[in-house]
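For reference, chains read A, B, C and D in written order, and residue numbers begin at 1 within each chain.
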Amino acid sequence: MPKDVAIIGVGQSYFVRGYQGSIRELAFDAYSEAMKDAGIGPEDVGASMICTAPEYDKQRSPSGLIAEYLGLNPQPTFAIETVCSASTSGLKVAYSMIKSGLHDIVVVLGFQKMSEITSADSQERMGRGADIMWESPFGTMMPAYYALHARAHFNTYGSSEKDLALIRVKAAKYGQLNERAVFRKGVEFDQVINADAIASPLKKFDCCANADGSSCMILASADKAKEICKKPVWVMGVGSASAPMTMTGRDSLAGLNAAKEAAKTAYEMAGVSPQDIDVAEVHDCFTIAELMAYENLGFAEPGKGNELIQNGETYLGGKIPVNVDGGLLSKGHPIGATGGSQVRTIVLQLRDEAGDIQVPGAEIGLVHNIGGVGIYGNVVILGR
Amino acid sequence: MGFEKFGVVSFTAQTRASDFIDYLEKGEIRGTKCNLCGRVFFPPRADCSWCMSKDVEWIEIKGQGTLISFTKVNYAPTGFEGDVPYILALVDFDGIKVFGRLSKDLPEDSVKVGMALKVTPLALPEDKLTYEFLPA
Amino acid sequence: MPKDVAIIGVGQSYFVRGYQGSIRELAFDAYSEAMKDAGIGPEDVGASMICTAPEYDKQRSPSGLIAEYLGLNPQPTFAIETVCSASTSGLKVAYSMIKSGLHDIVVVLGFQKMSEITSADSQERMGRGADIMWESPFGTMMPAYYALHARAHFNTYGSSEKDLALIRVKAAKYGQLNERAVFRKGVEFDQVINADAIASPLKKFDCCANADGSSCMILASADKAKEICKKPVWVMGVGSASAPMTMTGRDSLAGLNAAKEAAKTAYEMAGVSPQDIDVAEVHDCFTIAELMAYENLGFAEPGKGNELIQNGETYLGGKIPVNVDGGLLSKGHPIGATGGSQVRTIVLQLRDEAGDIQVPGAEIGLVHNIGGVGIYGNVVILGR
Amino acid sequence: MGFEKFGVVSFTAQTRASDFIDYLEKGEIRGTKCNLCGRVFFPPRADCSWCMSKDVEWIEIKGQGTLISFTKVNYAPTGFEGDVPYILALVDFDGIKVFGRLSKDLPEDSVKVGMALKVTPLALPEDKLTYEFLPA
């Protein structure tokens, strides 16, 4: 198992609707927690990276502004973006900057204040998340794209809306335990099935909520990690891949090829198999996304993902607990912050600090973070 | 440069593939084909990334396609509010995939994955243009 | 001299006012040239990076769209941004991804279609390039910030508007030789001095022009470079740094600290001194920026930069030829593409392919690329 | 949350430092000071990045400052067109730097780097507020 680069600190803000502060202050919330967790000061940091979907901010080039607010001048900083998977793209770049010897300690800060712009402005941006020449002119939005994938999955494999509802019920169960989640109510199976359709076959509870939030990961070289950190969590594998943004460019809609390719790379680098994963965080921006993740990550054969949820195997105590922090469905999805929040959950699990949701003896964890409708896929494997 | 005519709301005015609009005005849905490697592109591309070439010609998309997937959309982004609900679909024309909307005349419960469809131009208000899918 | 990572291909579009195509097609122009230059196909590429200032595009998350158009699926891709220095930030990340062993060949594509949005929209964005809480509300723009630096430089060191005018005359001389530059006319000293003030003491000809354009760099590991490339150009040093975005946070306005810090890192990594540089490209978005660059890069002592231009030492044939491709002042400044264009000029110089502007026997070249008003500074040292 | 009142055009409504506006309304220009390390911040910050602390108090910026640099702006971004020309300036108050505009009453040729200035609140149309620099 590679032990070259470790995560030595994690932090996360509460994920909320309508954060009552500016983006720099929101960023500080996660950053200050992660820096205290790592036990270091700004002078120890070699570089920082700001992960965000920039169209939600009036502030241009937020990395410069935020690095200043966090006290991270004159160290290098830049912004990195793959929409919803920006912060794990940042993690991969941080890994390479450390492994290459350029920097010893790198801060990866993800944030999104989705309430920063009006909801009319937000609706306008949503229409531009696809190929603006050939798809946006038809009136596309994220739920519609995932709905196309859901229908294809149903049709190819015989899965159904009921399987999706089971995934939402699980998310809601664990969201109730997570005090930093935006959605903390329980949800019944019938509620999910009977809710209004957003884009058929996806209904209201199949979709995650918007939220404001920030997350922070601090990565270090092996030498630094051993020197300053009692419980380093090692980056065993990082895989990332892309798929055509346009639906017309995809071979199949019954899975996400970018996730499959990223997983393959990450498993190979880590030298482990899906069976070795003790706990996973997957990108459940929609329920169908979690179902596809089971299969794309190899937790189930293609088309057999629904058996995992039907048999409760992705609950705590099951074969492979998935999103036991509530997932995006309960936590909310502050775009740039999401991947870092997933990583934080796994880091706490591997440090045996996950409290109510601890998977006993977890040694290897996985994060699956998707940008857009499977345009970008990042898979990270962590070990203690 | 012509492309701002495409769709209910258009976000791009300039493209080296804007002849698409001229063909659409003539009633044809066209993609492009690389004159070096023969690969066919829909949506049309002005460049072939396999050959690093800009030498492409226009070819017509016609005949009968098969519905790969669809969704009935009840909420829409800015500029499309008046259109909901509408059905978005992905259709396979013998290996060439086309993304668009189904005709408003098709009720959702008559729509099935695998059904046969054709694609045809559609005039929109304010001199705009698009295409839509109809039963073949 | 480190020979771990090389540039094996470069490309650049013509820099123009009002490119008659979409951003994906603009990107293709530089990409196809660089791929042909490297003699490789998409299947050889391990990852791509798209460098752009996203507020100029209606397209959200352009990296996914452009990677698809360039045929670079399923390889990983992401966007990277430090405003005007985005593409050299990309170069540094590409270096680290290769040096770390994650990828063998990485494509760094920079572009900006500044004419994509209306000029009213463009004026609106310009007001948001500073700290939007504490500076933008006073009505700030880029020329005003560089003007504050110019006045401070004049006052601290006794430099003057005449020195700046000499820099513009040099840029215009070489811009006439560059068929890909947007501004190809000669400019007389008196024209510069007598032009209308934009933000005193900066006048019309002290400012570079907007332009649409793209650039592309292809980096490879030493093994790959030696295998496929006859004239690899080696990345000897990469330095990057940041400075406070706010003027209130800066110790001095008579230079750019981010450039000074970045240069220090790059020289150390390359094991060379300012005296060893045979040819340089510096970020002359305004004439004062080139004057400060002379000093921040160590080509002159602080306060003595004006002697270099007064004595013609930064012309071809001088001690250290600077921006002999016309610089941003003549080429134009398509934000995300600029750094890659600078690198291309140096690569051509080191391959002895620079034509009319060839510095005979150039062995070591330097690129200085600044984001915003010295918020980000990148310095790259290349060798043959 | 109050901060949208700041300046000719404001781009941020919410900040944990919005008390700045309340002080400005009372005629005071205030920065913040970290209660742990004693560092003083202008513009005011709600957080100290040296101590990772949110425990800050408000302190007034007063007395006489020195002009570090200035520029007379003839072209302005959207929303400021009616104001040109105006003079932007950076002023040092004993180590605390403040960025803003000089009073419209000061002709450019009377402005010199090093001159003494004070800072004072300024009411703007539509119930907005800012501050400006005047000769001390």
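The rule is simple: contacts are C-beta pairs under 8 Å (C-beta built on N, C-alpha and C of every residue); 3 or more make two chains touch, one makes a residue touch a chain.
Nothing here was measured: the structure is a model prediction, and the numbers come from that model.
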item	value
Label of the chain whose CA centroid is most distant from the centroid of chain C	B
Between the pairs A-D and C-D, the one where more C-beta pairs touch	C-D
Geometric centre distance via CA averages, chain C-chain B, whole Å	39
Distance from the mean Cα position of chain D to that of chain B, given in whole angstrom	54
Cα-centroid distance, chain C relative to chain D, in whole angstrom	33
Residues of chain D whose C-beta touches two or more other chains	11-12, 15
Junction residues of chain A - those touching two or more other chains	22, 58-59, 72, 128, 131-133, 246, 249
Chain contact graph, described as a line, ring, star, complete graph or other shape	other
Touching chain combinations (by label order)	A-B, A-C, A-D, B-C, C-D
Complex interface listing, chain B residues touching chain C	1, 11-12, 14-17, 45-47, 49-50, 52-54
In the complex with chain A, residue positions of chain B that touch it	3, 6-12, 15, 42-43, 68-80, 83-84, 86, 88, 90, 97-101, 108, 113, 130
Chain A residues within the chain B interface of the complex	120, 123-124, 126-128, 131-141, 143-144, 147-149, 151-152, 155, 196-202, 246-249, 253
Chain A residues within the chain D interface of the complex	19-22, 25, 28, 32, 35-36, 41-42, 58-59, 69-72
Parts of chain C lying in touch with chain A, wherever the complex brings them together	22, 24, 47, 53-55, 58-61, 63-65, 67-68, 72-83, 86, 89, 92-93, 95-102, 125, 128-129, 131-133, 238, 240-246, 249, 257-258, 261-262, 371-372, 375-376
